[in-house]
Each structure stands twice: as C-alpha cells, then as structure tokens.
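Here chain A shows up in two complexes: once beside chain B, once beside chain C.
And now, the complex of A and B:
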C-alpha cells in the first residue's frame, strides 16, 4: 500500500514533468511562429499576380517587380538536381541494402554520412572547382551537381532503411515464384517500401530547394528567364539573397515576398511527402 | 504434373555451421509427405534446399543432389530461378504481396517469371487457381482489393493459389497453418487433402496430429548433440505413428521430448 503522501508527491512530479515538456514545446514553437508571421507580414504585401509573371524592375529601387525568371530557374534547378540526385540515391540505397554488409558497404555508408554533413557552401565550392573553372562559365548544371551532392545522401540512407523494413518473407515469396533478384527488387521490394522512399525523395528535394550558398558559386544568373542549363541561371534563394543586400526598401520587400514563395514551396513539398506517405503506407500495410 | 522428389546425401550449411547432414529420401508423386521433428532439427532447411531457396541466405550452401522428376536441381547447368519457378512454396506466415490486389497476387508468379500470357488467359488462370485454393467464391467480387485486407486463413489460401498459378509439379509447405487459428488451420488441411491428387506435397509441421491426418508418408528429423539435423526415420505415416522402428521416433511421437 502506497501512503497518501507518497502518492501526492508522485502526482506532483508527474504534473511538473508534463508542464516542463509542454513549456519546452511552446518555447520551440515561438521562434517558428514568429518567423512565419514576420515573413507573411513583410512579404505578403509585396505579393501580387505580377510578382509571379514579371521580372525585377529595370531600375533598381524603383519598384518591387516580380520573380518570374527566378521561379522558372528554381524549378529547372530542382528538376535537374532530382535527375542527378534521385537515381544515384535510390540505386546506392538499393546497393547498400542488398550488398552492403561487408567492409566496402560500411565504407560507402561512412562516406555518405560525411557528405550529408558537409556545409552546403562546400558543395558549391566543389562544383565551382570541378565544373565552373574548367568550363569557364557559371552554369545551371554545375549548380545541379552541387545540389545533388547535398540531396543524394538523404535519399540513399532513407532508401536503405525503407528497404530494410520490408519483411524477408516477401522477398522469399517472390524468389520462390521464380523471379530473378532484380525483378524481386523492382516489382516487390521497392513498391513495398515506396512510402518510405517517396518521403525520402520529397524531403531531399525540399532540403535543396532553399539552398543559397552553393548557387552563388555555380548558377549565379541574371534575373532574366534562361532555359539554357549550360549557362548561368537565376534562382529564388539567390535573388532573395541579392535583394536583401541592396539599400532599397523595395528590394527588401521583394526579398520577403520571395522568401514567402519559397516558404510556400517547401511547405507544399512537405505536405506532399506527408500525404504520399500516408496513402502509400495504407496501401502497403502488412498485417 | 506431379513429380517425385529424391534427395541424395543432402547437407546444408549456414556459413560454417552444418545444419543438416546426409539426408537421403524419396518422396512419392501425388502423395503428401510430412517432415516432423523438434525445433532446430533442420526440417525447414531441408525443405528450402529442395527449391534452392536455402542459398539466398547470405553464406548458406548445399551439398548433394536433389532430383525432381528426372532433373537434378543441383545439376551443373540448372538455374536456381528456373528451379523455383517449377516448385511451389507456401510459407509459415501468410505473405501475400501487400502492394498487390488479390488478382495481382495470383498473377504475380507468371508475371515475375516472365510467363504472363494474354489478359483472358490470365483471368482464367487466376480463377482456376483461386478455385483450386477453395477461395474463389469468397473473393470473386473483390479481386481488385488488396490481398492484405483478407483474414489470415484467406491470405494463406491466396498464397497457395499464388503458388498453384505457376502450375508446379511439387508444392512445398513450411508450417502453412501454424500461424492460423484452429478453424482456418482445418480449412487449409482440407484443401491440402483435395490438392494431393495433383501434386507432390512436402509439408513441414510442428503438429504431429496434422501429420497423422494428412500425410501419406512421414519423415522424422532430429538434431543430435552436435546440433546437426538428420533424418532418423522415414516411412508410411500409419506405420510411423503406430509402430516406429527407431526408439527416438517413438520417444518424440509419444511426447517424451520436443
């Protein structure tokens, strides 16, 4: 039998613990909420239809203008980065899952984790040294290489984890039916792990969408629409950074509006990841 | 067409560890053969050696020969993928592919092994296989639904139908009803009895009553003090359960160990 006093003390400690946890959550949410509110307040007023359809003003400081060229540029960069980063990430994830038990696999894992941890500006410098300098020009594809370097480790490790969670019995069932290893992977194991893999891919994309530092060394384009991936290209984060560095109030407003758009894109990508995860995991639930 | 299965001095390893030693036995076509024995005696390992599924475990290997009909499964130019396509396997836990509908699960074998025919042929194959597995009437209106939405017993019958759709000569069953409730388990047994006229069946079971009920022949396996599984006794089920020739078999079936 526990004494009443002992019980009271336990209840008190329990409540204090709960209060501390709730307090910590609120403390963490305050800066997030403040930041979101500030970006919306500052950027929202500068947002208009023309912001999405026009370029920056011809003369700096005269008007807010728009970011159409940079939105196009960012989308092209994201697409290009995905074309490089996703296949490399997926295939190396499959490799690590299937053949990564030995010391070579461990080494690959280690290097992948190291790359995942490098500062993003370093990825830009690497692409600058390996592509921009030899070719003599800033280019969208060099930016994509830098961004893909930042994207693929996330995809690799998450793919490996997702594949590892697929029960061995499913693999064996498919092998038992006379399927080759590769078909088992492509038709059974990867689809079963799809929710995890898709989440990894979308979050990988979201991670590089906001990267600015690597672009300074690589894409570095002018605020005009360009679809030439071998030449310089503008991008949202780049323009936000540049606008924030001018002395003009209109540019600052444009920077906030751009930040808001970027914020929206990343929010949308995260939402898509959530929805896909939910829908795919419902489909592939293993009972 | 049902084919006999003849093992000739089959041994199997996991890495350096020997799991089963020198198993020689012939399993008759169109009969049910049960493999019984305590946990860890290598029944499943032996079963998985028959369709070369044992070797997919990293480091695992097999020595000896296994003849299915007149072909040596471990022959020089025999491809493990082809071997598995001609031998059906049902696992302990129902494992329908969770991303696939009931229909697609049954069609999975022909599709995965590159044997899929025209749509109409596939429809017929799916219906035929589901009828064979005594599941058609229960699922014919929901073929497009995910197979994982079915009950455990139904899922296991999907797995049996999935194996039958490959038109195998031999059906291997690794404790197919041990994860099911008694009623679902009973239905699986009934089904196996119906199917035995058309297939050679080898069933691993922990359940001696089940072996006695459905198997024509029974093999008793046991791992000795060195933890290596051997075939102690093999013969007609009625004889083994009434008058076993080995004292260890008698001790096991009378419940003195295991």
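And now, the complex of A and C:
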C-alpha cells in the first residue's frame, strides 16, 4: 500500500511538474511575443501608402522610401518558382500516393523529406554554380530554380497527405463503374481533395516567400522595377537584409516596415492553409 | 454514399493497395446498373456501357499519368544526386589542394590563398549545440503540456501558433535579434556574465558590441523551438492511449505517467525531433550572419565573435572571384550539405519509426 506521506509527495511533484510545463509555455511566449510586438510597433510606424508605391530613396539615409520594386520582384520570383516547383510537387505527390508503396516510392519519400531539411543557402549556392556561373550574370530565373528546390518537398508531401485523405470507397465506386485509372484521379480524387491540394500549394508558396539566403547570389537585388527574368531582380526579404546592414536609421525603419509586410503575408498564407485543411477534413470525412 | 458516424474523427490516411491488374479486373466485372447523382461519374458510366473502350483501361491516359508522375518522382532522386555532384565537382580544386587539412586547419586568408574550415565548422556546431541546450528542455516541456495536459481549447490555438512561428522567415528573426537582442546582450547579459564569471574561459574576452556566439545561440534557440516542440508533440500523441490508461489505473499520477511511460515510449521520436532541430540550427543563415560578428577565429568564450559555415558563405561568396577561393567556399557548402543530410536522414528515420510516415 502507498503511505499517505508518499502519496502527498507524489501529488505535489505532479502539481509542480504541471506548473513547470505551463512555465515553459510562458517562457517560450515571452521572446516570441516581444518580437511580434516589436516588429509591429517599429514596422507600423514606418509603414505608409508610399511604401507600396515608391522605390528606395534616391539618396540613402534621406527618407524611409518604399519597396515597390522589391514587392513586384518578389511576386515575379514567386510566380516563376511556382511554375517550376508546383508541377513537380503535385505530380510526385500523386506518384507517392498512387504508386509509392514500393521501395522506389519509399526512397523518393525519404529523399523528399531530407531535401526539405537542407539549408536554404545551399539552394542558392547550387543555382549559382549551375546557372549564374555559366551565364555570367545574376538572374531572377536562377533564383526561381533555387526557390523551387525549397518549395517542392512541401508540395509533394502535402499533396500525398491530401490525396490519402480521400476515402477509398470513392475511388472504388468510380473504378467499379468502369472509369479508367487516370480519369478516376483527375475527375474524382483530385476534385475531392481540391482544398487539400490548394493547401499544399499555399504552404509551398509560404515556404519560399520569406527566403533570403538563396537570393543573395542569384537574384542579387535591384533598386528599380525590372521584369527581365534573365537579369538581376529586387526582392522584399533581400531588401530587408540590405537595409538592416546600413548605418542609416531610415533604412532600419524601412527594413522593419518590410518585415511587417512579410509577417502579414506569411500569417495570411498560413491562415488560408489552415482554413482549407479544415474544409478538406470535412469534405473527405467517411461519416 | 452512406454517411454515418461521429463528426470528430480525423479522416484516416489510406494508402492505396490495389494493384493495376486488380483494377482492370474490377473494371470489366459486370455489375448492377446503379443510379448515381454525381456528375463526375457520368463519363465513367458512359464508358462502362461500351465494353470495347474498356480494353483501353490500360489506356494512353493511364500510361501518361504513370509516366508523368514517375518522371517527377525520378527527377527528385536525380536532383538529390545532382546537389552532391555539383558541389563536389565545383570544389574539387580546393579538395585537391588542402585535403583533410581543410577540416582541421584554422587559416582563412584570401591574400595568401590559404583556406581552412575549422573556425566555421566549430562556430556552426558551438552555436547550434548551445541553442539546443537552451531550446530542448523548454520545447520538450511544451510538447508534454500540449499532448498530456492542455485542454482542446488551448491545444488547437497553441498548436497553430507554433506552426506559424516555424513559418516566420529567418530574416525577421535576424532583424529583431540585431536591434533588440544584441543591445540587450551588450548592455546587460554580457557585462553580468563577464563581470561575475569572467575567470572562466567561457565568459572571457567579451566583445564590446554584443554581437557574438551567445547572441547567435539565443536567436537560434528561439528559431528551433517550434520545430522541436511540434515534432515532439506529434510523437508523444502517437503513444497509444491504452498505455497511459494502464499506468493511471495502477495509481500513477499524470506526471509519473508522462515521464515513465509516454516519454520513454516516444524516445526515438523525441531524439529525432532534437536532431531535426540541430539540422535546422546548423543550416540557419541570415539570422546567424546578422548577429554572429563574422570573425574567422575560434574561441571558447560565448561572449566572443565567431563565424559559421553558412555565414561565411553568404558573406564572402559574392566577392570570391579567385578559383581556389570560390572552390573553398563551395567545399564549405559541401560540408554543410553532408552535415544537414546526415542529421535529417537520421532524424527522419527516428521520427518515422515512432509516428509513422505521415508525420511532418
């Protein structure tokens, strides 16, 4: 039998343990809350309409200026990256879901997860070695190649998960009615998992939107609007980094304004993904 | 389709087991004409009325789909080999010139064309391990809280918050660290540590700016915390409920159940989560580069300046026009790639073993 005193001690330890765990949550929330508050406060005071419509100041340190060329550049880069990364991600996701039970599928799954964990700077180094060095110029499309390398693992695994959530009964019913394999996938499975697949794409875009390191020696940055994907291009995260490294207070303010914009975009993308996931789970529930 | 059952169950992840030959069998089997209201099945029914088209069940469409998807999957494998090959080939002159001395030497001199990676490797490992020492206890306790203690109303928002924090770009962490954390270290932490404990080699020779190993480790610990927490939580949740119930039925408290049954049961996965956190810390570039001070030197002092592999690359790669200089930086990249791949592969295997392949 357990003595009363032992029992009291054990309950006390249990209570203290719970308090410790709650304390850990609070400990983690302090720096994270402090960071969010600081970025919102600093960025908010520097943010204005001209931030979205103008370029950097003509003379550095004179004014906060805007990041219009970088916002355009970031949009172009994300579009280009999506053209490369999303098809590969979706198709390989379908492969893993449909044919991926064997050892080849297992290998692809494993390699995808490992690539998802490689440092983003390495994607930039690879794109530099393969594209920038031979062509002799920094270019937006080399940056897109680097970013696509970071984007596709997220899309691949999220697509596989989304398709896997589609009830087998649906496929079996369609196949039983005589539909061919690819029609079942295109007309039944993919539409059912549509919100999950959109989630995969949104998460993929969120993954690369804030990436800075792969852009340093690929897109390299440009203070004016450019739509030439074979030349250097500005990007929002890159400009934040460059502004942070100057000695001018106005540049620092611009960096925080940029960080706040980036923060908002990432938050929005993740909220969209979360809402879509919720809709997928309602739609594919075998209930 | 008939719908029944309760609403809260999560949709199960089903792995398709039907072989293509089995599907052909299904497709040609005569069945009862069933009324369907689903528009997507209209064409399927049409196809069933025409048996000759069913022969084409090994239809071009099926073949195209199989080829396309297999091609994409194969591309992934080719890419992964290409990563190694590119870096290995491009850095071969440095590998040939310096050999193993590249890993152990500490001379990084662009004027004499002498390059060695020890300061960068040591700085990478030092900051990362320090960051994990800070982040692992906190992260594991939060994971325990989320999986064992928190109510659903707390668990879901907190879980989303953690995922969101993992998604915040490292440039934002770096910016905050540079303008808030570094001054904090400079004005308060560094004087305190070097004043009280300056006789220890770990706290000697404080840098006057606040930049350095400690600042980098602090920001890294904040950055890897979501990774460690989220994966630890997933593997803790994967421990069967019956084990907890058995322990509780024997009279154990919740705390005892957690540490004697649940955590040991998920041990492999938790180690995987820690290694994955290490993998992220090792490769972190922007935030570290902004606060580490970027000095090609090695010291035991956490208050001193340092460098890391990623920081060295991002600082110097643009200016590296000399062949040997650039090859040395590419060899650094190759070392980083090998480190990251080993850590990630190990972590994935451990996490898969506990939480299944679908765990992120």
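In the analysis below, the second predicted complex is superposed on the first by the 254 of 287 C-alpha atoms of A that agree within 3 Å, B and C clash if a C-alpha of one lies under 4 Å from a C-alpha of the other, contacts with A are read in each partner's own complex, and residues count from 1 in each chain.
In the analysis below, a residue touches a chain if its C-beta (ideal position, glycine included) is under 8 Å from a C-beta of that chain, and two chains touch if they have at least 3 such contacts.
All figures in this text were calculated on a predicted structure; none of them were measured in a lab.
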Partner chain(s) touched by A:256 [first = chain B, second = chain C, both, neither]: second
First, second, both or neither for A:178, with chain B first and chain C second: both
Which superposed partner A:92 touches (first chain B, second chain C, both, neither): second
Chain B versus chain C as contact partner of A:194, first or second or both or neither: first
First, second, both or neither for A:165, with chain B first and chain C second: second
Partner chain(s) touched by A:39 [first = chain B, second = chain C, both, neither]: second
Chain B versus chain C as contact partner of A:137, first or second or both or neither: neither
Contact breadth on chain A, by residue count: chain C or chain B: C
On chain A, positions contacted by chain B and by chain C: 101, 167, 169-180, 183-184, 187-188, 191, 284-287
Sites on chain C touched by chain A in the complex: 1, 3-7, 9-18, 20, 23, 26-27, 29, 31, 34, 36, 40-41, 43-45, 47-48, 54, 56-57, 59, 61-62, 64-66, 68-73, 75-77, 79-80, 82-83, 86-87, 90, 137-139, 141-142, 144-145, 149, 158, 160, 163-165, 167-176, 178-180, 222, 225, 229, 251, 253-256, 258, 276, 279-280, 282-286, 290, 310, 313-314, 317-318, 330, 333, 336-337, 340-341, 343-345, 347-348, 357-358, 360
Touching residues on chain B, where the partner in the complex is chain A: 51, 53, 56, 58, 81-89, 91, 93, 95, 97-99, 108-109, 111-113, 146, 148, 155, 159, 162-163, 166
Chain C contact footprint on chain A (complex, rising order): 2, 10-11, 13-14, 17-18, 20-25, 27-28, 31-32, 34-35, 38-39, 42, 87-88, 90-92, 94-101, 104-105, 107-122, 125-126, 128-130, 149, 152, 156-157, 161, 164-185, 187-188, 191, 206-207, 209-213, 216-217, 220, 237, 240-241, 244-245, 252, 255-256, 259, 262-263, 266-267, 270, 274, 280-281, 284-287
Of chain A, residues touching chain B in the complex: 101, 167, 169-180, 183-184, 187-188, 191-192, 194, 283-287
